[in-house]
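Which chain is which? They are A, B and C, in the order written, and residues in each are numbered from 1.
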Amino acid sequence: MKNEKEPDWLLEYRNEEKENVNKLNLEDRKIFLKYAERENELYFDELREKGEEIDHLLYYDKETFKDKLEIKSIKSLKEKPEQFYKFKDKDRIEALINSNFEEGTIITFNDDIDISKPFTIKQSVESGRKITKIILVIGKNSKIFIDDEVDSSKNAYSGQNIYVVLEEDSELNFMLLDKSKGRSITNLNLIIKGKVNFLSLLTNENISRNRLWINMLEHSEVTIQQGLIGNNESYFDVESEIIHSEKNTNSNLNYKAVLDNSSKAVYKGVIRQEKPAVNSYAYLSEHSLVLDKNAKSISVPSLEIETNELKAYHSASSQPLDKEVLFYTMSRGLDKNSAVKMIATGFIESVFNKAENAAFIDTLKNSIENKMEYLSN
Amino acid sequence: MEQIEIKGLEVSVNQKKVLNGVDLLVQRGKIHVLMGPNGSGKSTLANVLMGNPKYTVNAGSIKFDGEDLLKLKVNERAKKGIFLAFQEPVEISGVNTMNFLVTAHTNLKGKDPELRKEIIKKMNELNLPDSFLKRSLNEGFSGGEKKRFELLQVMLLKPKIAILDEIDSGMDIDSVRMLGEITKKLSEDTGFLMITHNDHILDHVKPDMVSVMKDGKIIKSGDYQLIEQIRREGYRQLI
Amino acid sequence: MEKIEFDYSKYDFKNSTSKYKILFNEGLSEEVVRRISKLKDEPEWMTDFRTNAYKFFVKRPVPEWGADLSKINFENITYFARATDKKTSNWDDLPEDIRDTYDRLGIPEAEKKSLSGVEVMYESEVVYNSIKKGLEELGVIFCDTDTAIKQYPELVRKYFGKVISPNDNKFAALNSAVWSGGSFIYVPKGVKVPMPLQAYFRINAANMGQFERTLIIADEGADVTYIEGCTAPVYSKDSLHAAVVEVIAHKNAHVKYITVQNWSSDVYNLVTKRAFAYENAFVEWIDANMGSKVTEKYPSVYLMEPGAKSNVLSVALANKGQHQDTGTKAVHLAPNTSSVIRSKSICLNGGRTTYRGLVKVKKGATDVKSSTRCDALIFDDFSRTDTYPYMEIDEEESTISHEASVGKIGDEQLFYLESRGLSELEAINMIVLGFIAEFVDELPIEFAVEFNRLIKINMEGAVG
């Protein structure tokens, strides 16, 4: 994509978003502002030349997806697409990305497709900055797998806003892997009528901010499994917000984190059940395993409930490594690091125990093992 | 005579029809056994008699002593002398068991200064440790204990008509024998609708009437002979 | 709908203010703060403390993170009222209408039977105070805080404002500026106070602000239980109650602080309560909030030294127009400390409950154990319940757990109880009382009965 001129509507949109950056809070909930301590480090002011050529982003088997999807650059659109109206910025950082994205894409998957081969988004940033905005529209009665991998080198910066509209009777299996060594922002926003299985593994080594926001419409269902491994100085700001907007919605969220060295994780899980969300069920569990004196874990598993025809539960814990387990493992001949590695790996892997897709499971396991290698040195 | 008279009862739950025109008579002082395969609607009938709001009555009538039972609230039916021993008694945290029994008894039978003694005596008869009285209602009770606790309430509240919804399931052999003896004794004054699909209890109780239910209907009624027939031939032959 | 056999009239009666000795005009300024101090003939350090706090109050914005406080008009509040000149330890000495108030609430009766001491505060000041013979000889001090400043100046000065600084938050600052009344308790080394000490707070006039200041010091190995109750008549204008309560539990001491808050539904109840627990000390907050328009209250325990323990058990009930924004903080500053938090909340008829809690483990506080359990009952789809449990863990060697559930009363539970002859309302009451039974178990028996009555009154309209 060479320096083509952007359409007027897009320039206008960028300006509006720029205003939003000034207007909005760092957090949409005031109660979480106290934890926004490092978000200013995610700001950037000099803008990269828009339309500058950036690296390849989307990988998929052309044969498999032939006639099953349509990919359009946002810049090529004559008019503002309808999906832009469906989502409202929630905070300053989201607006920042919306006003500055360099590459914007709308991918529309057709109705009635069932493809088990993943469609891959690969955002790897060697140097400098890469900011993308991706809109995924998934038609009715379809089942697809999407794999989103984010990686960046130490001084690079990655920012990504993903918007998903999932139509009824469809199923989206989404896996996010973020192993950035540089700063990283991932904002995922979903409006769903069907079923979503969401897996994410964050192993960032710098400061990162991850947002998952799901608006559940009638009869939708989500299963979320999130794993996080932090070591050295890595800093995670993670928020997952599940909104039950309509009736008969069902959510299940499991989060597990391993924190070592001087890493720190702030995890905000919000389950919101609005008035019309009768006959709904929500479950949230989040557990942290803290391996080092200097590691810090902050978590706020919140519930906001506005209807009585529902059930909602959450449980949370933070614990050190079980000394007995460590002793037992070492008595079988493992040195301490190997024992810790084995226990921590098992702890994180178990959060993905509802994953079904073999390719996703393999990728997750490999990524966990690769990350845990730091304990072998 | 005091009796529950069910006529043409049609009931649905979640828009699904479960009873399709049931006629049945339960008389005070008599034992009526209701049998039938799983899912035939026996428990639904028990719950509808007591007035469980989960079920919708679409047609038919239930009269007790000539009065329209369907017009009465659950607690009003209890006050008329109708009792349901639940198939799966619910647990209620924090509600003290003794307090519950006293409240129920006071509501249905009035104050009785001797009640506590009476409760403990009856609990001994039923092999229920009186330490249960300090616990939360039905919490930490085994399946069999819950059933015996339901039976305890029949003994204490002395209803006119007691509906026992599979009270014998989950009971051991000794308890079933005890259940038989107690119902026999109580049946001088109480009418029983005894729902079971396990005929052990019928070794200990001789019913006055037997009905068989299937697909939300009574498909056969008779006296004790009917049980013998079912034992010989199974339900299938009746259809 | 069934008629409830109780009504609020026991609490909702008003006395005339025409016989009051002093009644300030509405409004707040440094001048008002100085006037209060002067009326009380206070030492200079306290006057300075007040005026300093007033500056913090002015500077700090009204907090926005919780319930809606935007309707509070600080200029419409009366900051001081003295109903009688006499403070007495004989009920008969009280002016008739004030004595009558406490008779109706049954306080003198309870005093005889089950209390070690009683203090009653009416508007801004304590009007009655007594302590059982024998306790005084053991060195137990139980008096109002104004008196304490005069009689035990060194003791008060050593601890006053040390647990909660005047700049802690806007309402602590307000209290520090205009405080009046409240209890001062000192229990000497090794003394165990056998029965609870009780304080009773009453707001009578409309637009009144009550700002009591309570300070409890349990010396090494001491043991004391303190109970406070509060009521006010119903006006259509808002009153403000902003108390500060500081508790110091020294080594091996045990302090149990019980609150049954039943303010009328036009009181803003914004209270700061905090305890420091030293080595092996044990602090308990047993806290029920049923009344008020808005409550923001998070009784906290700072576990300062090894072996300190805390237990916080709270009940919040929000009916129409009420927002109970409550919770607790357990701040673990030392190794081997433990905290237990249990919260039960009920909302109905559009009422709103919020649990807001913090468990914090500071670095170096190893082998910490903390468990939290929050349960909410929600009656209808125009009520709302939120749960925000913050957990900030800076230390690996700690085991922290949290559980929460939200649901409504089970239909099957109601059906079971109704089938045993209980009406819907009786069944609901029985289930609700069961839901909070853990709380009632913590109360002395005489209070448990009254508490159950209060719950039933406050559940009004549960059956539509």
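Heads up, the rule we're going with is that a residue touches a chain if its C-beta (ideal position, glycine included) is under 8 Å from a C-beta of that chain, and two chains touch if they have at least 3 such contacts.
These numbers come from a predicted model, not from an experiment.
Undergrad: Of the other chains, whose C-alpha centre is the longest way from the centre of subunit B?
TA: A
Undergrad: Using mean Cα positions, find the chain sitting nearest the overall protein centre.
TA: The chain sitting closest to the overall C-alpha centre is C.
Undergrad: When the centre of a chain is set as the mean of its C-alpha atoms, what distance in Å lies between subunit B and subunit C?
TA: 49
Undergrad: Would you mind pulling out the distance in Å between where the CA atoms of subunit A average out and where those of subunit B do?
TA: Inter-chain centre distance comes to 54 Å.
Undergrad: Counting only Cα atoms for the centres, state how far subunit A is from subunit C in Å.
TA: 43
Undergrad: Along subunit A, where are the residues that touch subunit C in the complex?
TA: 30-31, 275, 278, 288, 290-321
Undergrad: Report the residues of subunit B in contact with subunit C in the complex, numbered from low to high.
TA: My answer: residues 50-54, 73-75, 77-79, 83-84, 86, 89-90, 92-96, 100, 103-104, 107-108, 136-137, 153, 157.
Undergrad: Please output the residues of subunit C touching subunit B within their complex, sorted ascending.
TA: 410-413, 415-424, 426-427, 430-431, 433-438
Undergrad: Given the complex with subunit A, which residues does subunit C contribute to the contact?
TA: 64-65, 356, 363, 376, 378-408
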